[in-house]
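Both complexes below contain chain A, partnered by chain B and then by chain C.
For the complex of A and B:
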């Protein structure tokens, strides 16, 4: 340990760390452009200069190691003067086109100008013109060379993280330009991250560009449901201007730092996978006799009537003739209710969640082939760690007419087993119930359709592939007519005469932790923002 | 004084091996390799007070001692022959006229630091010096002065001559390494220093051509002899490149510490046409300018530092009273704006910005306020970057304007060169 002083306060820090790491640990603000904890040290922006006592000139915090007894000033006149000087240089050739720049509001040039700038500008000459402005360099990213401050974060991201070597800095001096390498496109599975790490408006996200000014965005911490990695994200949504974008609520997803899961990054599939929250939803409330209802020939039934109807059916059902396809996209809480109601109370033995042949791509970084966020949770809760049986045998039974009723959570049987099978099952099974947030071919032929809230509209937890339990949070209310799965399952349990007295997901989780050995000892407080591993 | 580095400069065909051998080439190397231990060679260089003659003046032997003792990686010796400092042309003389002296120096130094492979990074524009060097390398290899089992000692050395592509910044030693590796000529962040992590990530010693050319004489005549030639702490002689308004411009080998006045008036023949001296840049364009009253200074690292400037590459640029300091700054600023690598923001933006202002002043479109802006820019660039390029760009601005402020003010007020500059093409780079 080294004892150092930062801005007059003593700190004991690990030996060998850099001054900027010590400053970050002390939660002191210090401007930086080229420094990113996930990338190598470039030391080229020069703005993180601090005054270190006994050194003749200010030094950059990112490439200076702490030493015993070091006295560091981040806001002394000498330090501030250095930082201000660098900022003035960076802004000299910057186009200052903030009014039309999508980065405005989250631009580090703006932020630091307010913090350490506020100088009388001296620049009185023509700015250097650069060639590419609003230039798409790939499917996800737009380049503006004039706004670029050449911090080289994107270059290093391509060289060190994705190893796709997309970017280079071409030419030299004040003619330096950032660009993709000749003949290349920025098209890799993690390309969107360069817009996150770009501290200015040089690389902007084509998907988000001009959708909304960032200061109108609300933000909620959540977890990406795109695969079993469970990358930590922030959901950025519109909070006050519903007229702005045709009722679209989610504006973008941003990765949220979690060193144990995704570090600072997220894949493009996850980043742009939010569209299903606002598109293709089942929005008209529960449907009975689906096809006819959709044509609008009958008034939509209420949730209460549908649930009463269902409870009636379930009470009379023969446990051997009914089956449930639970969903690995549901939260631990919801899967626990499925277990309590269908396995424990109704004694239906046929509950499966794993759909075969649904694996996607995988790499050695973040992307997992299991595209469900909670397969581990489903397995631990429904099977208690026993080997998972997939839904094939039950589906086969249904196809051969062995089932009277089937409750499908989210799965699309046509996608899993083909439209032919769906058609046969439809004919053989008397009552087909579908529950899920989005429309699909199975929903289209179901007798009863229950619209569910999406992951952005409810509270709960997912368990990722390595057994890390992480919280998702409600960013906004469910679309009209839909309910969170845990919500209607609780209602149903009451109608079935069970006495589950949970008030919400946190309560349900507590009950789960009370009876399931894997979850024992966990609670929402412990899980926090960074998640918590299951007991092995 | 008996010339040491330049003793073969005027010998016909001294760059060919037979002539060089007749002048004693490779005798010292043979003696050193067959009879000395590497540590003793380093000790001799330390004792000689030899300092890096590329410009920084770092003690050479001390630099060699920075090599890690127990590294399993190979050690490289890189010779900086990227002589690009305006006003400097001494290394070119060695490469062109006495390359075997350099090769012998490389051989002895590589032996001292236990390097088996050396690279000579030759400035891209030095086409003829490169050809002479390459032919000398071929000749030396043919005679087994290079290659395997040199002098039957079991010592192997391969020397590769590599031509740069014309960037001034590649004379900065770590930019040179990047360029040599095939990368962009960006100076590296230090630490780590090249002695620990250098070429291809291996321990590397980078020395200037002139520095290594000093090594054979040191080993031949002894460290004490060499140290005695110069002033205290500044061993040996120095090749001064004298250019500008003197009667006899050229390369002069003189002991370290020779007074500047003596160089200009005694050796370079004084000013042409008997004109009055106006200013001297003592160490290449980056060094701060000296006025006519400041030339009674000894030309060694420490004396010039005390005088507020530097010896640098010992490129002495002499200006008589016809020279325009405004124009001189214009060309200096243009040079630095053109050559900045663009990595660090203060240098990238500062050099270009300063050039724009100086150009404006030079064209007769400046204002008095611009002078203060320039000084503020120079102050903000100085000492805030990865390498010293920004400092080198700031020093001319600071020294020209402070020492010749009147001339700048007159120029701005009279706008008397405005009409000349109309016809000057301002290149857009």
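For the complex of A and C:
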């Protein structure tokens, strides 16, 4: 332990950490460009100057270690003056691009200029221009060399995190410029992260380009449903202009720091996987006799009538002739309701959730081959036993005409077993019910279609591959006509004569924690923003 | 925060009858009427030229002179090649208190300009003519100097201006 003083207050910090780490722990703001906690220390931007008493000059906080008795000032006139001078140099060749720059509003040059700007500039307007303005350097990222302040974060990201060595700084002096190495393209699986770590608008996201000014965005904490890693994300959605609201609500996803899961990063598949929230949704409300309705021959039925209808069917159903394909994309709460209703109450023996042959790519960093966010939760909650989790035997039975009815949550049978199988199943099964947020070939042939809310439109929790329970939160209301799965399942349970008295996901989770030893002792408060591990 | 309580003045008996106020109003109106009638009659015979009588403009045949700074209908200024100067920075959209500007941005073919509006819609039916949009624009791309004041339409839709109308007032 080292006893130090920062801005007049005493702190006891770990030995050997850097001054900037101590400052961050003390939650004091200090400008920085090149320092990133996830990357090695470069110490080349020089903005993080602090005054240390008894040292002749101000020093950079990111590359100075704390020592016993150090007295540090981050806002003294001397420190401020050094920061101001550095910022002035960084801006010497910086173009006045804010009006057309996508970074404007979340740009550290703008932010720190407000704090430590030299409002009486000493440079004249002759700037060194680069030959090319903004140009794409890969499928996801746009580069504008004039805006770069040469902090080298992107270079270090390529060298240390993805080890693809994409970037380099070329030339010398005021002609130095950042670029991808000659003949290379920035196309690794984590390329989107460089737009996040670039503190200025030099590297920007092509997908988000000119879509929206960042100050119009609302933000909600969530978890990426793209694979079983469950990277922590923020959903950025259009919020401040409801009077201009277009069809698209989600504008982009950003990683959220969680040291136990994804640190500061997410993969590109996850980052750009948000399109299904606003596209290809089932928006006509619940449908009965789906094809007929879609041709517009009958008015759409209401949720109440459809659920009453369903409850009637389920009450009369022969438990041996009905099956449920639950979804590993549903939340723990929803899977718990599926268990209570179909396994415990209706006593249907045929429940499964694992669709074989759906694995994707995997690497040794974040990406997992199981592309479902909650397979672990499904298996811990439904407790079917490994071989029974697989939907294939039930599907086979349906194909041979052994089933009367089938309730499918989200799965696309055509994608799993081929369109031929879907067609046969369709002919052999009398009642095919589909529930899910997005349209697919199975939904197109189902007798009853129940449109569900997407993960951005409901509360709940996912359990990732290592058993970490993490919360997803509601960013906005479900699209017209759809309901959160837990919501209609609760309604259905009432119609079936069960007495589940839950008010919402938090309540359902408490009930789950009360009866399942894996979840024992957990609650939303404990899970918080960073998640909580299951009991093993 | 310190609050100061101001007592509302009670209305007296005469105030509540409104009669003195009505009388006062009639008195002011008739004073102007008779004074102007007398002044204009004297002007007719070439007297009292140094007194000014109230005037009536025969609008719309006769236009009233406008001050140079009057804020009138908006326009978007053009570059030399005729394309809009606007770079779709959305400053005006952000500052507009009536929220009547809606801009969609797109890539500018010239990489040195980078950005331009794909559409620029302004709803004059909602605009409060505050002029903030002009003030905030970093490109001098929007101005309120067309001197067009008589804006009327048969529907709310008719009050909306798109980019073409804004570029060619």
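To be clear about the criterion, the second predicted complex is superposed on the first by the 524 of 536 C-alpha atoms of A that agree within 3 Å, B and C clash if a C-alpha of one lies under 4 Å from a C-alpha of the other, contacts with A are read in each partner's own complex, and residues count from 1 in each chain.
Basically, contacts are C-beta pairs under 8 Å (C-beta built on N, C-alpha and C of every residue); 3 or more make two chains touch, one makes a residue touch a chain.
None of the values given here were measured: they were computed from a predicted structure.
Trainee: Looking only at contacts as defined up top, I'd like to know whether chain B or chain C touches more of chain A.
Mentor: The partner with more contacted residues on chain A is B.
Trainee: Which partner does A:213 contact after superposing on A: first (chain B), second (chain C), both, neither?
Mentor: second
Trainee: Taking the superposition on A as described, I'd like to know which of chain B and chain C A:175 touches: first, second, both or neither.
Mentor: After superposition on chain A, A:175 lies in contact with chain B alone.
Trainee: Chain A residues touched by both chain B and chain C?
Mentor: Shared contact residues on chain A: none.
Trainee: Can you list the residues on chain A that touch chain C in the complex?
Mentor: Chain A residues touching chain C: 97-100, 104, 132-135, 209-210, 213, 215, 241, 243-244.
Trainee: Inside the complex, what are the residues of chain A that reach chain B?
Mentor: Within the complex, chain A contacts chain B at residues 41-47, 49, 57-58, 63, 82, 85-86, 88-90, 92-93, 122-126, 128, 149-150, 169, 171-176.
Trainee: Going by the contact rule at the top, pick out the chain C residues touching chain A in the complex.
Mentor: 87-91, 94, 99, 102, 105-107, 111-115, 138-139
Trainee: Going by the contact rule at the top, pick out the chain B residues touching chain A in the complex.
Mentor: 167, 169, 184-185, 189, 191, 337-346, 348-353, 356-357, 360, 373, 376-377, 380, 383-386, 429
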